[in-house]
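You will see two complexes here that share subunit A, one where it goes with subunit B and one where it goes with subunit C.
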Partner chain A sequence: MKKLIEITLGILTAIGGFVDIGDLVANAESGARFKMALAWVVVVGVIGICLFAEMAGRVAAVSQRPVFSLVRERLGAKVALANLGASFFINFLTLAAEIAGVALALELASSVNYLLWIPLVAFAVWLVIWRVRFSTMEKVFGLLGLCLLVFAVALWRFGPDWGALLSNAAHPTVPSGEGHPTYFYFAIALFGAAMTPYEVFFFSSGAIEEKWTKKDLVVERMNVYIGFPLGGLLSLALMALCSVILAPRGITVSTLSQATLPTVVVMGKLGLAVLLVGIFAATFGAALETGFSAGYTVAQYLGWQWGKFVRPKEAPRFHLVVLVSIIMGAFLVLTTIDPIKVTEYSIVLAAAALPLTYFPILVVANDPSYMGEHVNGRVTNALASIYLGILLIVSVATIPLMILTKAGS
Partner chain B sequence: MIAPLLLLASCVAPDRTYEPYEADAVATAEDAASAAQTALLAVDASTRSNVTQNYLSIVLEEAEADASGVQGTFDSIQPPNSEADRLKNELDKLLDDAASVLEDLRIAIRRGELEKLPDIAHPLDDTAKKLDDFATAHER
Partner chain C sequence: MAGQKMDAGLDILDVQIVDKDGRMSGVVDDLDFSWDEETGAPYVSSILSGPEALGTRLGGRIGLWMASVHARLHDREDPGPAKISIGVVKKISNHVEITVSREDLDISRSPDWARDTIISKIPGADRAVE
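Entry: the complex of A and B
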């Protein structure tokens, strides 16, 4: 019974924790501009993140060592440094975007400018990382993130033409007025949002924080194979809502308030309240995860003591990296740079850097000296090889498409 | 390396001929129409489902900022010839109309005059349609 509760809780946490500011922005923008014509990208992205998150979690649970440490040992310092550089930079941008996302949610609730919330949010993120138990923070924010189910409820209450939505998703066409380069630029943004690298760092390091062993592989797989896809459904619900309410009016999404408007139109004040709790929890949870990931990547590469499973005074350099990253992330958004643009760039650049993150994980997951009998199977390797091909194509195409489409504008 | 790429992706290049200027005008009209429709949808939601004043205030404020932002960007582009001058004048009139209503909406919501919003927003419907028509007429 205890195991069942643990699995259920893990799945619910994974659902609530799947969506972050990148998913909110990318899915709302895509739905408003392309209706459901990019839904297939969410499916491809969710399969990809399931594949590599499971691999990273399995590596951590079996070897009892975090992915970054193994990558450095297995592939050498230079390759691992390239991995670290790209991952840390993308993670930093994502952290800044998540802090801004929390502040924007608070702005919508209070009408106090989001810039005034940034220092408070940054302090709160650091305080929670410093003081709150790992499993507690993970469950609280993951479960509160389930409030985003309001997207699905709003869609159901709106009563769209389900057949038309499915048909649009199954037979994707580029709407008139939009070019193919812009379509593929948004496809990359959605893909980057679904496969954000920090999710993998956090998942694998979290496995060690929670002292997972080979016995916990069932829980790990349930979290990934059930929780993540159900989280992906929330993304699709938001995309569908924007496609049926914003797209017909020609509204393109450039602010978080526009992304929330369809839910508010359908669900009113109560829906708004639930939605804002959900966005707050999802972005705050993701800010914690990216804050942790900043510390994890650097500390694991350099071989420092890391994590919440030891007292802060035993891992001072890990906590220093976390603190400095949060402060710098807050400063970045305090420059008044458009937080939605930061989010867009973080997910698109994440897409460009994905091979650097996922290729080393695939190598380590196939090394029997670390994994023993738990190395990747044939099906996993075949799928992972296909995905590496996709990741390479995405990586090469991202920057030219960004310039060609003026970042999708 | 990343910063110059981002700058390159987001910079506004000068238009040397009419066609790219017209394309910029179409994009501006579409963005302004989007801001206007956002405000209309928010006002409609407020009349039907009692949306909080704080939320409505931010939505309308951002719609106004979006509309004035795209107008500012468009006005910073040098019209290449007299044909472009005429196009600019035509679009500027519509953008001014939209900005004026959005400003009035923002003032009303800040004063807590929610009941006045539908009346104030009424002309925005017509302006949004004209912006759409403008974009359609000049789209290539």
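Entry: the complex of A and C
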């Protein structure tokens, strides 16, 4: 049991990455529009994030160097600054959207307009970062996020034709009425969501917050190999649920409440209650993840003291960046900008900046002067090289596809 | 560290600096070279750290903006980037380890605005970590 509790960092990271506010809607929407024809992307994404998160966590545990510190050192001040600009901006957009996401979950539960919840949510997110112990935060939000397993339960209770679902996933075809560019745009959005860079910023810095060392490499791997596939499983369950319930009726998804619809149909009020707790925890977890990442990236680029393992007074500039990001994020969503659109754009833009984050991780994970005997094996390197190729293609294709498909509409 | 040979660009530039208590104390943003009077060979005499060093090295509009804003915000008699003498460097590995406390460094010559004006005024700023 103690070992199981130790994987909450991986669970929180993955849930915040895979089933945050944007992904909940993106997964539901792709299930409703393309059925299971995009399921393979989630699988490809899970393998990719496992590969690089494991490397980033291993580097952090062995050499005590978090990801953005590696980015700075291996890409040099200039290119790393460009990466910082892009990553920070994307991360900020996500943070803003997650604050609104928590507020939307509260609106569904309370019928009080989400805009009224935003200041309260922003304050709560900051308070948790300021006050709550890192490991407590991990456990509470990681474990509460598991309420989203209600998607899997709902799917099982609905009792779909599993064979048809599987063959639909294994032989992806673009449905009539949808174009290939739109299909690939959605593929990039799902892939970008799976591999979104704040996951490795948070996971590797979290490994240092948790004071992992070489001795914790088993725990580190368990976190990755249980946490991320679990996140992927949740998003596949939601996709499948929407493909069997919404797609046949021609219902498409563009809001959070529509994404909850299939679960309510199958599980009733109780299911909705559990689901809302799960959505609250997942979006709050993602807000924490991105709030921390705002501070981590800037502090690690500039060499400032960061982290919850010192008194806030010892890391004042780190805490200031977090505080200002949360306030600005709250203001951004208070303008009534659509938070779902904000994350959709941020996920797709993230896809364009991915190679700049994952390349330095791969380089350092192979450097014996950092890693000693814990350098990458051949299989890891072969797979990682293939993924860097995919990341490069995706990063080039992203912006043109976005323009061509008018962002998937 | 005197006399050690290493690739300055690869092994030391952009590396995290850690003080004698293991606290993060900036990044090696640039290096200062001096010339040996006898042989005429260049050697690293100090590490430059902080926005002025970084801004100057980055160059371009963003770099110059970063350096000049920082210089204006910190009204000091001794302008120029903060220096750490190579003499206090203990070890260069994953980190640059130094033998002094970060408060005694040139990078701490100006008061920490973020700490003094904002963070230390929030309740709990000084709460010990378990």
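FYI, the second predicted complex is superposed on the first by the 391 of 409 C-alpha atoms of A that agree within 3 Å, B and C clash if a C-alpha of one lies under 4 Å from a C-alpha of the other, contacts with A are read in each partner's own complex, and residues count from 1 in each chain.
Just so it is clear, a residue touches a chain if its C-beta (ideal position, glycine included) is under 8 Å from a C-beta of that chain, and two chains touch if they have at least 3 such contacts.
All of these numbers come straight from a predicted model, not from anything done at the bench.
In this superposed model built on subunit A, subunit B and subunit C occupy separate space and fit side by side.
Contacts of A:Leu362 after superposition: neither subunit B nor subunit C is touched. By the document's definition of touching, of the two partners only subunit B reaches A:Leu349; subunit C does not. Of the two partner chains placed by the overlay, only subunit B lies in contact with A:Lys269; subunit C stays clear of it.
When both complexes are overlaid on chain A, the residue A:Val121 reaches neither subunit B nor subunit C.
Once chain A of one complex is fitted onto chain A of the other, the partner contacts of A:Thr252 are limited to subunit B, with no touch recorded for subunit C. In the superposed pair of complexes, A:Leu238 makes contact with neither subunit B nor subunit C.
If you stand at the C-alpha centre of subunit A, subunit B and subunit C are 130 degrees apart, rounded to the nearest 10. Once the two complexes are overlaid on the shared chain, A:Pro312 sits against subunit C while remaining clear of subunit B. After superposing the two complexes on chain A, the closest approach between C-alpha atoms of subunit B and subunit C comes to 16 Å.
Of all the residues in subunit C, the ones that touch subunit A in their complex are 13-17, 23-27, 29, 49, 51, 54, 57-58, 62, 93-95, 112, 114-115, 118-120, 122, 124-130. Of all the residues in subunit A, the ones that touch subunit B in their complex are 89, 107-111, 177, 245-246, 249-252, 254-255, 257-258, 261, 264-265, 267-269, 272, 341, 345, 349, 399, 402-403, 406-407, 409.
Contact residues of subunit B toward subunit A in the complex are 2, 5-6, 8-10, 27, 30-31, 33-34, 37-38, 40-42, 44-45, 48-55, 57-59, 62, 66, 132, 139. If you check the complex, the residues on subunit A that touch subunit C are 63-65, 69, 72-73, 76-78, 80-81, 130-131, 133, 299-306, 308-314, 316-317, 319-320, 323, 369-370.
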